[in-house]
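Take this structure, written in structure tokens, and hold onto it; I'll ask about it next.
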Amino acid sequence: MTAYVSIEGIARRYGPTTIFQDVWFGIARGEFVCLVGHSGCGKTTILNILAGLEAPDDGSVIVDGEAITGPSLDRAVVFQGHALMPWMTAAGNVAFAISCRHRDWSRAACDAAAREALKRVGLDHAADRKPAELSGGMKQRVGIARALAIHPKMLLMDEPFSALDALTRGALQDEVARLVAESEQTGFMITHDVDEAILLADRILLMSNGPEARIAEVVLNTLPKPRTRANLHHMPGYHALRDHILDFLIARSRAFKADAPPAGWSARAVPEVSPALSAPPLAAE
Amino acid sequence: MSGSVSFWRSAGLSLLILALFLGAWEIAVMPKSGGGGPALDPEYAALLGQAAAQGGTTPMPGPSAIGVRLLELLADPFYVRGPNDQGIGVQIAYSLLRVGAGFGLAAIVAIPLGFVIGMSPLLNAALNPFIQVLRPVSPLAWMPLALYSIKDSAISAVFVIFICSIWPMLLNTAFGVASVRREWLNVARTLEAGRWRTAIRVILPAAAPTIVTGMRISIGIAWLVIVAAEMLVGGTGIGYWVWNQWNNLSIADIVIAILMIGLVGLALDRLLGLGARAVAWRE
Amino acid sequence: MAFRPRPPSRRLAACGCGATHDSGFACDVAPADGTGAHGEVAQEAVLRAAFPQAATRRALINAVGAGTLFAALDSVFPLARAREAMAQGAGAPEKRDLKIGFIPITCATPIIMADPMGFYRRNGLNVEVIRTAGWAVIRDKSIAREYDAAHMLSPMPVAMSLGVGVAQPVPWAVAAIENTNGQAITLANKHKEKRDPKDWKGFRFAVPFDFSMHNYLLRAYVAEAGLDPDRDIQIRAVPPPEMVANLRADNIDGFLGPDPFNQRAVFDGVGFIHVLTKEFWDGHPCCAFAVPRGMMTETPNTFAALMRAIVEATAHASKAENRREVAQAISGQNYLNQPQTVVEQVLTGTFADGLGRVQRVPDRINFDPFPWHSMAVWILTQMKRWGQIRGDVDYAAVAQQVFLATEAGRAMRELGITVPASASRTHRIFGRDFDPAQPEAYLNSFAIRRS
């Protein structure tokens, strides 16, 4: 089946250096995909290309059958820094997005919808506060609410929790997992955090180190849903999955060479593995 | 070290400094005891000023004399007894009108133009040499040129204010617009906001504090320029009033005029300060 | 003080108006005293009224000649008045609301006093007298027609009409002299023992403007003492109120300036009056009531009314018994803005001289409106002497164009004041006779000059 979102052979070069090229992957509707890799492999660039904020040097991105030409309301972005406009209240920020989506809606309607969206992330009590009066976690939640409020075809998240402290991060991860599951939102996220990827993603793309980075492997997340942080590490296969990804990040991401790839690898058909399945069952209690 | 200063303490210190300064001034201008020079024929002495009759020269007035004169002027600030004789309130009003006209015109031109320059690096680079050359020219140099080409002195005065106060607003607006955070622009792009909506709802509020700062600087310059322009061209206005009192060698009036000019300048700045507070935002 | 040299272009040339006149001179238009085209139309009209049949007129002119015919008509009909009336218009001023600029010095007394004392009103005019910041501003506002008429230094209209100190020549005229005498050389108190001009080498003097009687008189005075005004002393143009302040601050050693600032220097104990300019040339012109030449043809009735008002005021001020009243009227904040006693001392001529004596010189300042052509000729010789104009000058033509002796004479006649028979006379200047018919000889008689 043709994927809902299809990335076809995109590349990025700076002068003589190729950051990455020959990147092919697809995202099915309702699927959540995470991209994991070291800094410098071009993850953020891929996200920007997906969002339409940058144009690739090669290849194209097809969404729902059409090639993209620029940024679109269909592909909402949650930025690493929350990117909230400091002169608008939380509700104002979300309402601005909604009014961009629904040009003919009245001010009151946009405001009401904004408050609804903030309620979903649990911030209806802070709707009238300016970003300066919100904590880091709250600001990021507003960012997420803003992205979800316009009902995009695809949600793009660029390391959305890396700027937060560990406790907030954990709370937000759970919340995003819940929201994504509720709305069956198609999503693409970049992260460093392996646990986060395992929590949220259906498929995890592993990217080799740049320059000349490639998608080295696709890891299928076969752990059962719904997943929360509380129950995640108790799930069978979790540790195998986690170890596999860590091994990649520690050794294989550097060892992967595009001009001498391991057997069975091709850019268009990146090997898919399911480490969680091949794990031995836990010893019965 | 410590936090904010108590208002009363700083006010008290200011008043003390002022009192010391005024006291020293009053003592400095007191006439020396014992008139100098030979006794003068009484008819002759009657024809001279008070100080000259005692063998000296008319002195610089002290704070007490100035204070008396100030009360006189403030008692009836809005009288009109002829085209050359109007109250100090009326003169200030004339000046403010001219400033309003010139500054308003400058704002109407500078802010949109600054916007366009800020959004277009090409235009910025192309116009920058002209701006940098015209910016430092003094109003006293523009005035004769304006009078020569425009001929009407009222319009010339407004033009000189315009041409001198436009630059801070223009440059600040361009700078503010050019330095809007990339992030917010990207948000607007992903939301498909469109150029107009992005300009009005993202760029303008983001650049507003810088723009208003430019306006604050400009109003100060405009007020400065009007006083100089009126001294050259005359007619009405506080600058003309200064020149007129200078004609009469009436130093007390000139000091009072300086005080008034300073106070009005302060008020104008405060007014725009309110504006700055209204558009300010914190991260 | 630097003069801008003029290119030698004082050649006569034909102008678009048809008349030949100096090329550097602004073009004249038909005079309004009945001798031009207007007058002839009037004559024609009277002739037709008397003899309606064209044939009769032709026969009569052939028989006795036009001159005899008009003389005969004149005995039964006042042709001269008709000519003048025709040329002057119906009588009511075309423009009633006028703005006249003045500099706040006692030279402008007639212009100023005509406001509070009602002379303008009496002649059907509503005049606003506007105090102006300086001579250059008054000139520019006049040229821009922001002022309908103005108080100017008497050489200024000459300079403007010749194109000196302005971008191009503008036709300006002295309609009446504001005041005669009324200036003085004031020195700083420290020079009380140095009153001989021969000791003035290196002194710094101030005068109000380049094109002023003050400048010319000062230069002539020091030249008489053997000093070269461009090499041995410094002369600066300084606005009158700043003269007193500069004297006080020891920036200048003295000034030849207008009153009341000489008296003000004495009043403030800053200087003393060394000599009154009436000692150089008793009856010298100083300031003028200046109008654009076009006013005489564009708004002749307004012009005539203005002239009457000014001449009336001048006549009133010239009488000694009125001086106190005038001083009181013009010292106020709306006019001169000076202490009344200072203005009174200037106008009455009973004044403190800064050296301990009370002097009584009743014609320290005088008011006589008649703009003698010979005065203009003297001004021209001095402008040429110091290099303000170069090349040949048609003295008589310029004098006649700029100093409107005829118009002033008419206004004086209407008010019953005796008008001089000729517009030119000899003047006694610095102890020598000046003959306006021999300007070049006069100019050449000076050892110290620039041209």
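For reference, chains read A, B and C in written order, and residue numbers begin at 1 within each chain.
Operating definition for what follows: a contact is a pair of C-beta atoms (placed from the backbone, for glycine too) under 8 Å apart; a residue touches a chain by one contact, two chains touch by 3 or more.
Owing to the predicted nature of the structure, the values given are computational and were not obtained by experimental measurement.
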Category of the chain touch graph - line, ring, star, complete, other: line
Relative to chain C, chain with the most remote C-alpha centre: A
Which of B-C and A-B has more C-beta contact pairs: B-C
Innermost chain, where centres are averages of C-alpha coordinates: B
Inter-centroid spacing, chain C versus chain A (mean Cα positions, whole Å): 92
Interchain centroid distance [CA atoms averaged], chain A/chain B, Å: 56
Gap in Å, rounded to a whole number, between the CA centres of chain C and chain B: 40
Complex contact set, residues of chain A against chain B: 51-53, 70-73, 75-77, 79, 81, 83, 85-87, 96-97, 100-101, 130-132, 150
Footprint of chain C on chain B - complex, ascending: 40-41, 43-44, 47-49, 51-52, 55-58, 81-85, 147-148, 151-153, 231-235, 240, 243-249
Residues of chain C defined as touching chain B within the complex: 104, 128-133, 137, 140-141, 143-144, 146, 167, 240-242, 244-245, 248, 264, 266-270, 332-335, 337-339, 341, 345, 351-352, 356-358
For the chain B and chain A complex, residues of the former touching the latter: 183-184, 186-187, 189-193, 197, 201-202, 205-206, 208, 279, 281-283
